[in-house]
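Note that the chains take the letters A, B, C, D, E, F, G and H in the order they are written out, and that residue 1 is the start of every chain.
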Amino acid sequence: MKKPIVSIIMGSDSDLNIMSEAARILDEFKIPYEITVVSAHRSPKRMAAYAATLSSRGIKAVIAGAGGAAHLPGVAAALTTVPVIGVPIITRSFKGIDSLLSIVQMPLGVPVATVGINNAGNAALISVRMLAVWDPRVQHLLEAYHESMEKTVQQKAAGLKRLGYHAYLKKK
Amino acid sequence: MKKPIVSIIMGSDSDLNIMSEAARILDEFKIPYEITVVSAHRSPKRMAAYAATLSSRGIKAVIAGAGGAAHLPGVAAALTTVPVIGVPIITRSFKGIDSLLSIVQMPLGVPVATVGINNAGNAALISVRMLAVWDPRVQHLLEAYHESMEKTVQQKAAGLKRLGYHAYLKKK
Amino acid sequence: MKKPIVSIIMGSDSDLNIMSEAARILDEFKIPYEITVVSAHRSPKRMAAYAATLSSRGIKAVIAGAGGAAHLPGVAAALTTVPVIGVPIITRSFKGIDSLLSIVQMPLGVPVATVGINNAGNAALISVRMLAVWDPRVQHLLEAYHESMEKTVQQKAAGLKRLGYHAYLKKK
Amino acid sequence: MKKPIVSIIMGSDSDLNIMSEAARILDEFKIPYEITVVSAHRSPKRMAAYAATLSSRGIKAVIAGAGGAAHLPGVAAALTTVPVIGVPIITRSFKGIDSLLSIVQMPLGVPVATVGINNAGNAALISVRMLAVWDPRVQHLLEAYHESMEKTVQQKAAGLKRLGYHAYLKKK
Amino acid sequence: MKKPIVSIIMGSDSDLNIMSEAARILDEFKIPYEITVVSAHRSPKRMAAYAATLSSRGIKAVIAGAGGAAHLPGVAAALTTVPVIGVPIITRSFKGIDSLLSIVQMPLGVPVATVGINNAGNAALISVRMLAVWDPRVQHLLEAYHESMEKTVQQKAAGLKRLGYHAYLKKK
Amino acid sequence: MKKPIVSIIMGSDSDLNIMSEAARILDEFKIPYEITVVSAHRSPKRMAAYAATLSSRGIKAVIAGAGGAAHLPGVAAALTTVPVIGVPIITRSFKGIDSLLSIVQMPLGVPVATVGINNAGNAALISVRMLAVWDPRVQHLLEAYHESMEKTVQQKAAGLKRLGYHAYLKKK
Amino acid sequence: MKKPIVSIIMGSDSDLNIMSEAARILDEFKIPYEITVVSAHRSPKRMAAYAATLSSRGIKAVIAGAGGAAHLPGVAAALTTVPVIGVPIITRSFKGIDSLLSIVQMPLGVPVATVGINNAGNAALISVRMLAVWDPRVQHLLEAYHESMEKTVQQKAAGLKRLGYHAYLKKK
Amino acid sequence: MKKPIVSIIMGSDSDLNIMSEAARILDEFKIPYEITVVSAHRSPKRMAAYAATLSSRGIKAVIAGAGGAAHLPGVAAALTTVPVIGVPIITRSFKGIDSLLSIVQMPLGVPVATVGINNAGNAALISVRMLAVWDPRVQHLLEAYHESMEKTVQQKAAGLKRLGYHAYLKKK
């Protein structure tokens, strides 16, 4: 098994059903990664120890998911120089707006690259784009991914034209 | 000079004009405190070192001001068991709502006692209340403070009655 | 039975399922408390009578939960000098943002220490921290509580590593 | 001087420049009123004493302005059965949304009739409408007020037609 | 049957389940009312015709419920001098915030007395308060209503004390 | 079959259940239209090719539905001079506010005529109004549509009067 | 002078500085229009009279600007079948969000084509697009307008390249 | 002069005063970049042509700033596989929340790495982190940058301790 080059972290295993989408996308692009639980609030010692090794272990991107007062991505970004991609997890009262603002509004000097709420898949695709500019194999897969998206839209358009909207809605 | 029992911290000295109101109130109640700059993002080492000593040095409350992705109070609360009172600092785009949510929406286990936006004075008064329940001297001053508020309202009401609203508005 | 040192109040018994989490945490820390219903709007006489006795009865912290135009914590803070911790209860239309702003945005002079929406557990933990700085027994339990949180994260991380995310998600 | 039948109250004299608009409108309709300062938070004793007399003194409507955790109108409504009209005062960070929600989201049983942010004039006009349904003199003035509004619009429309928009804008 | 003195209107019969709470409260206070459907947008002719008769028929208050671009209360207020109480109805995307702002933010001159989202009961209680200041029978019932609220809170507090929170929660 | 004069587009077939309401209304007014799937993000080539033909094919209005970072209507408006009507689709975390702002806040020069969230029916009715000012047949149908709305309100009002609100609610 | 085919209306002449941008754009495209003041709230009679003539006078589009509880566009749309384009005017407390929601969230049946806050220019351009699909002269001017926008961007890009960002910023 | 490896783009030169901060940071890290104006809405042809060359010209990251219906970053991300970092520019009515949501809420498949409002400096620092994981020279500078941030905080803390808050505030 290859050494991981992407790290997926989350503050609680209750976020795993969302964050596993990032793992699924990295699997699809055959990019080796590690996935673990680490909390900036509940496990500050583990947080510091984990972040300290990222750069020297050759990790090229960290994908960090967190909800509420979502400090994990920002605290990770303070403790490493590896690029950190933040995934705001949806919350009950604020629907993830609290998570989004806690992650995206970082002060100058310590950036977090933020994606849409619950969009762990897009976080993975940012890491894929970051690798693709250096690695022709990944670039090739990424271009195929884009062509496949374009084709899927065309197929749906063709299906809708053929069936009409009544039949298309029933079939779905 | 007496050993400090309250700590006032902020992520940047640009927050000092707001946070100094907490110091002013503690001066008024003759409660010894320390006031310093420490950033969860820009100075993570200093953050960890500073938080580690709070409890053993006899600090009874931490007042932490921060704006934007305002992680300072939460990170402090993760690193100490001393009560942390968070002051959300106003921001340009979100007017401090980002700061408020980043501070108040902490996960179960690591609480931050949050006050209104920019209201460092109320943060100090929470620490005063916390001390007053154990210290009759502080309790006495706090009761006088409440009576003085009631009296001020009565004086304004009397002035408004005497002058009428036209004259009162001009005089202000 | 010991004399209560924390008071848990709520405006309506419909908030009890949320507020009982505060009681559960205080039970865990063996801190004696009382829990009751008192409404700033529907029972103003009971409100004034209840608040008047808090300080003299030795209550060290009030935990007050309220939703909507959530005046209970603020009105309590106006009627006592004991520290008041406010718990904004979720609402249907504003998801508790109305409750949060009504509780946290108190004027200078009458502070309420506010926690996250529905987070009665964190309100209790603030009272625990307030007691721990004076009481070694509570301090000891609080440190154990923090160590236990750190351990739980480590166990989840170990489990996720052992099982992989597919198996871990199924097992949950 | 006639006995007041409307009461205008505010938590702080800093709200007087807004609230005096209500007085100005009541002057225009020759409705006797009183105007004073009373704070639910800073002067709870004065609050209770003041509210207790409203009904027996023949006050027909209370206009209460407050900002932030704007409890004044709601607390007044809990302490009297006289109709209470709430004026949310603009705030710096939330622009009065906090005031609006604190005033309008009252629980069933204790209503506050809320107007737009800073719109003390409309609060006065609600009290005018409430009096007009019983008092033909006020009803007559109110109908004239509406006709005058309609006429003002027609005059502006005529002016704009005559001058064209370039000249009209310059003239303003 | 007595002549109605309160009018309850709504833009659509889909709001009737909310607005009927206002009718229920008026029934409780034995205040005669009428309840009907009239839309500012879908039935502008009926709107104008209906509003024109309100004052001369002796209606003392209009309770108008509307959701979304909730123009009904404001349009009613423009077409009559009778006091209009607006009830913002909850909506799917904005949870009634759109309704609330459309109703409460009326321009100076044409006020709507606004209550909380879906709180048709409080709208009725405002009309009750408006009648009570002139009618001793209603005033008497209103005072009993307030005493009954205070009593209910006391009974709940007693029940909670007797049972403890575990048993109380189970019983509910 | 007649040549289409309205185009209904959406970024994903998951929006078809909402957007088909526009088709249903156009069917009702016997206005020929086409309906298809085209994504500004996932199929940029198809987007450019499709938009290029709209004007020359005689399309008089484009109805474009999109959710989240809802760029489809704006990108369409940049690529054609045909009027574009945007339908913000509801989203999970922001309930469509993100969609609404992404669609309505277009820069000067490239307008999108925006309707309420999920209100594809109103988008179709805007295109109907646009055609009606030139086509007496459509104008005639549109006037009938308005009369029918007025009549429906009257029927509901009559039903509510006849049954009373208790029986009316049960019958629904 | 030609008969107007576009109507620009606003509820108050304080909105004229914003709404005159629509007039300026229509001047640029040589489209005859009328511009006037009419208020749904303060001049309901004038509102009804004005709206009744729009269709028969050959008006092809109404541009209606309003702020706060911005009912003008919706009330106009209820009273005419001519397409109504709504311009939400900025407000002090809600920055125009109240205006936007009051205009865009119209119920099914009575649509308003809404543009961005204060963007009267885009409202005019929607009416231009509506006319261009029928009138080759307008279509020609509209295509030239788009080409000119593209050219302006290219010129700015060239200027920035030539000068570098330091010099370009100084020159602005 | 070296070939650019980062591209800084913006929809309008009015955003240059914000976006030039990204250029300033890249200058500091001696990373070659290009900076230009390209609008997704006003110059769609230039947009397509520009995006098509990014990957083949060796651009490793695109930094795109946009405000309002801020489609530029998302449209760029649809037209290239190079990582796109989005900078939401502040707006007058929504203070940049519209820009933020339009940029961050991209659909799965076409990600934009979003930073805080107006925070072009952090966008540049994300590109620096992306380069640093491959380039030891950049990594070395980045570590020095972090050490310098930590040192600055320590110096401010020392200054505040030496002067006390009164003198420190005056000196600033």
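The working rule: contacts are C-beta pairs under 8 Å (C-beta built on N, C-alpha and C of every residue); 3 or more make two chains touch, one makes a residue touch a chain.
Predicted model, so just to flag it, every value in this text is computed and none were measured.
Novice: If you apply the touch rule, which chains end up adjacent to both chain A and chain G?
Specialist: F, H
Novice: Suppose you list every residue number at the chain D-chain G interface; are over half of them used by both chains (same) or under half (different)?
Specialist: different
Novice: Assuming a repeat means more than half of the contact pairs shared by residue number, which candidate in A-C, F-H or D-E repeats B-C?
Specialist: D-E
Novice: Looking at C-alpha means, what's the farthest chain from chain F?
Specialist: So the chain farthest away from chain F turns out to be B.
Novice: Would you identify the chain whose Cα-based centre sits farthest away from the centre of chain G?
Specialist: C
Novice: Provide the C-alpha centroid distance between chain B and chain D, rounded to the nearest whole angstrom.
Specialist: The computed centroid separation for chain B versus chain D comes out at 34 Å.
Novice: Indicate the whole-number Å distance between the mean C-alpha point of chain D and the mean C-alpha point of chain F.
Specialist: Once rounded, the distance between the two centres reads 41 Å.
Novice: For chain E versus chain H, what separation do you get between their C-alpha means, in angstrom?
Specialist: Spacing between the chain centres: roughly 51 Å.
Novice: If you look at chain B, which of its residues touch at least two other chains?
Specialist: Chain B, residues with two or more chain partners: 12, 39, 42, 44, 68-69, 94-95, 97, 104-106, 109-110, 112, 116-117, 149.
Novice: Going by the touch rule stated at the top, which chains touch which?
Specialist: A-B, A-C, A-F, A-H, B-C, B-D, B-H, C-D, C-E, D-E, D-G, E-F, E-G, F-G, F-H, G-H
Novice: Flag every residue of chain G that touches chain F in the complex, lowest number first.
Specialist: Against chain F, the touching part of chain G is residues 55, 59-61, 81-85, 100, 104-106, 108-117, 119, 121-123, 125-126, 129-130, 132-134, 139, 142-143, 145-146, 149.
Novice: Help me check something: in the complex, which residues belonging to chain C touch chain A?
Specialist: Touch list, chain C to chain A: 90, 95-97, 116-118, 149-150, 152-154, 156-157, 159-161, 165-166, 168-169, 172.
Novice: Mind pulling up the chain D residues that touch chain B in the complex?
Specialist: These residues of chain D touch chain B: 12-13, 16-17, 20, 23, 35-39, 42-46, 68-69, 92-95.
Novice: Of all residues in chain A, which touch chain B in the complex?
Specialist: Those residues of chain A that touch chain B are 11-12, 39-42, 44, 48, 68-71, 74-75, 77-79, 91, 94, 97-98, 101-107, 109-110, 112.
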